[in-house]
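Take a look at the following structure, please.
Going by the order they are written in, the chains are A, B, C and D; count residues from 1 in each one.
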Amino acid sequence: MTPAVITRDPIDTAALLDAAGDAANGAVTLFVGVVRDHNDDRPVTGMRYDAYEAMASDVLHEIVAEARTAMGEGTVLAVHRIGELAIGDVSVAIAAGAPHRAPTFDAARYVIEQIKLRLPVWKEEHYTDGAARWLPGQVPPMVQS
Amino acid sequence: MTPAVITRDPIDTAALLDAAGDAANGAVTLFVGVVRDHNDDRPVTGMRYDAYEAMASDVLHEIVAEARTAMGEGTVLAVHRIGELAIGDVSVAIAAGAPHRAPTFDAARYVIEQIKLRLPVWKEEHYTDGAARWLPGQVPPMVQS
Amino acid sequence: MRIRFLLFALYRDLAGAEEFELALPDGATAGDAVSALRARGGGSERLPPRPVVAINRHYASLDDRLADNDELALLPPVAGG
Amino acid sequence: MRIRFLLFALYRDLAGAEEFELALPDGATAGDAVSALRARGGGSERLPPRPVVAINRHYASLDDRLADNDELALLPPVAGG
């Protein structure tokens, strides 16, 4: 399985879990982000994810490789979905498998935090009243000028 | 879904993930423990989990309730399997879903750490040479005498 | 009073049974009960003198007093997960 | 030299297009390119004067010099996950 994927297709979390939890890895942490039905108490109907796809794929590979190196041994996989997503759809999934549990929590946490900081992806929230807005984001720390 | 279960049946991790990731919970962390094919470099063929079932069910409910309280809002679910397990079988699965990600990592981590400390469950490892042994465990901290 | 003992995992293997019932004098503590079980022999003497115990499914101290029909579990160090 | 601009999300909406191509003098920096794009008007003037940029898919500084045929992306604060 490719360790870092940007896709327009639904994310198969079961496949990620299986791929990270092979016979050598006794512990797997899976983190899943799901499109919520509200944000700051405003009801949401769906979300559009936009990405600089080629760069996002490169950056996600880098992030996953960093997490894998920090973990020492094991498997780290990440998938980010883009395009139009509905309430309840999985937008991102990260699986980290290793012989022991602590590094798997740390790796999954690292990947999602770095995605939020560095991955060139944006989301536009759609509301029940027909309005939409691009959500505020974070300035990647390596390029603050 | 019952929040804390001790079972002899295979664990349905997809059902746990679905139950924790409802429309209000934008983040879900799932932790899965899998029977490994080796331990301290000794090849393993399988594992037998023994439990004080009635008490283990009570203690797991307590642990899950503690994690849920600390999380503030959201869902925490835990299932521990007992009986004869093969390599690759899921022995424990914990799902924590909440509107934001940090509490879900903390909750899943808390539950697995407390399981290791307090849950009256024991495991006997079976080796390829036919030998078996009960794995060393931890003395629950609330009863050190 | 009658006390029901439950043994698990390694302790069950050491004692050769998963359940015992013993009569104990009123006022006996969990620690007294463990001593009585060990004195019974037949493998039970191999149990540790101060195991972790649970009374009626709650972790308890060896100093806690037992009541008639209590369930006293001897628990090896736990190893779930 | 020719520079290809890519705009995403809010910046694309502000500028009204996802791609531009402009001719710039040799030695121009990414910051010079952003200024040239904003001076073009038609909505582009609403872009921030100092956005985060990537040159050929790598985060870069506005002080970095461009080369012919470079791909310069203007990136709003990121919001993945």
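In the analysis below, a contact is a pair of C-beta atoms (placed from the backbone, for glycine too) under 8 Å apart; a residue touches a chain by one contact, two chains touch by 3 or more.
A quick note: this is a predicted structure, and the numbers were derived from the prediction, not measured.
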Legend entry - Those chains which touch chain C and also touch chain B: none
Legend entry - Target chain D, source chain A, minimum contact steps: 1
Inset, instruction - Let me have the rounded angstrom distance from the C-alpha centre of chain B over to the C-alpha centre of chain D, please. - result: 50
Inset, instruction - Give, as an integer number of Å, the spacing between the C-alpha centres of chain B and chain A. - result: 24
Inset, instruction - Indicate the whole-number Å distance between the mean C-alpha point of chain C and the mean C-alpha point of chain D. - result: 75
Inset, instruction - Any chance you could list the residues of chain B touching two or more other chains? - result: 33, 101, 112
Inset, instruction - Find every residue in chain C that makes contact with two or more other chains and list them. - result: 81
Legend entry - chain C-facing residues of chain B, complex: 33, 49-52, 54-56, 58, 80, 91-92, 112, 115-124, 134-140, 142-143, 145
Legend entry - Interface residues, chain D side, partner chain A - complex: 6, 8-10, 12-13, 50, 52-54, 57-63, 73, 75-81
Inset, instruction - Flag every residue of chain B that touches chain A in the complex, lowest number first. - result: 13-14, 17, 21-38, 87-88, 90, 99, 101, 104-105, 108-109, 112
